[in-house]
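See below for the structure under consideration.
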Amino acid sequence: MTEEKIKKIELLLLDVDGVLTNEAIIYNDDGKEIKAFNVKDGLGLRLLMNAGIKTGIVTGRRSNALSCRLRNLGVTLLYDGVSEKGSLLPTIVRDTGVSPENMAFIGDDLPDIPLLKRVGLPIAVRNAHELVIEICEIVTEKRGGEGAVREVCERILKTKGLWERSIHGFVS
Amino acid sequence: MTEEKIKKIELLLLDVDGVLTNEAIIYNDDGKEIKAFNVKDGLGLRLLMNAGIKTGIVTGRRSNALSCRLRNLGVTLLYDGVSEKGSLLPTIVRDTGVSPENMAFIGDDLPDIPLLKRVGLPIAVRNAHELVIEICEIVTEKRGGEGAVREVCERILKTKGLWERSIHGFVS
Amino acid sequence: MTEEKIKKIELLLLDVDGVLTNEAIIYNDDGKEIKAFNVKDGLGLRLLMNAGIKTGIVTGRRSNALSCRLRNLGVTLLYDGVSEKGSLLPTIVRDTGVSPENMAFIGDDLPDIPLLKRVGLPIAVRNAHELVIEICEIVTEKRGGEGAVREVCERILKTKGLWERSIHGFVS
Amino acid sequence: MTEEKIKKIELLLLDVDGVLTNEAIIYNDDGKEIKAFNVKDGLGLRLLMNAGIKTGIVTGRRSNALSCRLRNLGVTLLYDGVSEKGSLLPTIVRDTGVSPENMAFIGDDLPDIPLLKRVGLPIAVRNAHELVIEICEIVTEKRGGEGAVREVCERILKTKGLWERSIHGFVS
């Protein structure tokens, strides 16, 4: 059952383009990338990490803009320039000490499929390719870059019974 | 009553990301932020200040792009890099001489809640988190970055009977 | 009648923010502006100028990004940093030799009203303020930055019987 | 029949603004262009090229941002700064060895019409001008910059019976 799978999550892995961003790949005239993230996703990831759930990035691309956003958020686990996401799994297990069934991964396109198939909780954003949506346990209501990641973070925290404590400092 | 609360407003406080902007956090390759504001919000803030109502910014983040926009608009009251917005209230009272019941604050996410709860008129943008919307007196029709702030500025001016005078130079 | 007014147009004046762009005011970290225009508007303005109809910009702001776009399009008549658009009219008449009844102006917000009221054909973009829409002869179907200017250019060319000739090089 | 025409395609030509991007022409303060592409379009073009179908760009504009994106994708056939797209056809035939009936071209505006009329499979994005849509064999469901090119790439691969092989590395 989905709820049972969510309860086991100790590590949330994220693709970047189309998941943490809308699908825009923005280049300036020097060929450097500009990237647009979502402020509400950022708070979701912070709440998740504060609650003791690890986060990490798995992306086929590489950019300074991404590194800066991750530094700003305190996300330290970054696998970028990854050509085969599925074969990265043993490395992730080794680096984090988390076993695959305790991992969730949010993806949106074909290169995410091999890793999505190997983790305990595969998640597709609403704007994901149909073949990605087919194999995922959860499809977000929001699109990538428009709060899809925040939605997942809150669902994990609520299902694990960590939500009230997470927001205590804000609402009390 | 809402109208009575609006009539008392002497200071409009604003969160930035998700309120004065859509929810995009944009980084360039040097890790510097680019920010997109709304031109109609700008005129709304100018009309409000011309009518003698103070404006100010309360944000957890910090960027040159924001400072430039504020300088352009003539908004001089800026609290940025604020980690606990609620505990900032005494400072705001001291700096402005305005008491909390005469303040409005427009927010969109959990960190805005402590300050929203302490001001006379708490306002949520349409794209605000559900917990923010729950505690607010007003929810805007427009989204942050798409004219939500302009909407609030006009409503304050109209409710206070200052609108006709505000636009006199344009329509006469 | 609207069609009669359109037939008289010899000069199309345009506001920038909210008309040639969506309403975004974008600042980078150096406080410099980035501006996003619409490619289809660009062709519309070129076709209009090729057909002998003059074009010009009337804006309260000023940016290099705008100047570059105008140079790229061949629009040479630029009034920027204008604080009172209505009182600019005699200057425009003197510079262009066009009388007010032969001018159209596309605007979206309160500062455009004084000039809109003085030209022969006042036009509002769909995203214009309600007070602007009220006084305009035409309201575009498209929003500013999404093709509103192209829509106006084509309507002028078609009403004046210049459309077939304008597109002859493309469709023959 | 459309399917028969698709089966013959050996070269997919693409306009840029409005096709590979939404219609935004973005200038920074130095007059340099920033361009926003779509990540899913990128994978579509890679899959197409991996399957042996050539790709190329035909645009009236010129920017470093475009060149960088093309280099990133491995698209080497670039005709930019083209003033008359129709008269470019003999050059394309000579450079690629592909005859016009085996070419598809995706366009969105009037300058694309002369080339669209001369290739075997003319394709319009959903946001194309009505005169472009009228003469095209296919109109995409998605808009330019929002996955229109990916949609075409997948349709070509599926119609030619190359899809299963293309995605084998992802789904097996």
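Per-chain numbering from 1; labels A, B, C and D assigned in written order.
In this section, a residue touches a chain if its C-beta (ideal position, glycine included) is under 8 Å from a C-beta of that chain, and two chains touch if they have at least 3 such contacts.
Treat the numbers as computed from the prediction; the structure is a model and nothing was measured.
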Required steps from chain A to chain C (each step between touching chains, minimum): 2
Homomeric contact chain A-chain B: same or different residue positions, threshold half: different
Averaged-CA centre spacing for the pair chain D and chain A, given as whole angstrom: 31
Centroid spacing, where centroids are CA-atom means, of chain B and chain D in whole angstrom: 44
Residue list for chain C, restricted to those that touch at least two other chains: 28, 30, 34
Contact graph of the chains (line, ring, star, complete, other): ring
List of chain B residues in touch with chain C within their complex: 28, 30, 32-40, 42-43, 63-69, 71, 145-147, 167, 170-171
Complex interface listing, chain D residues touching chain C: 17-18, 23-31, 34, 108-111, 113-114, 129, 131
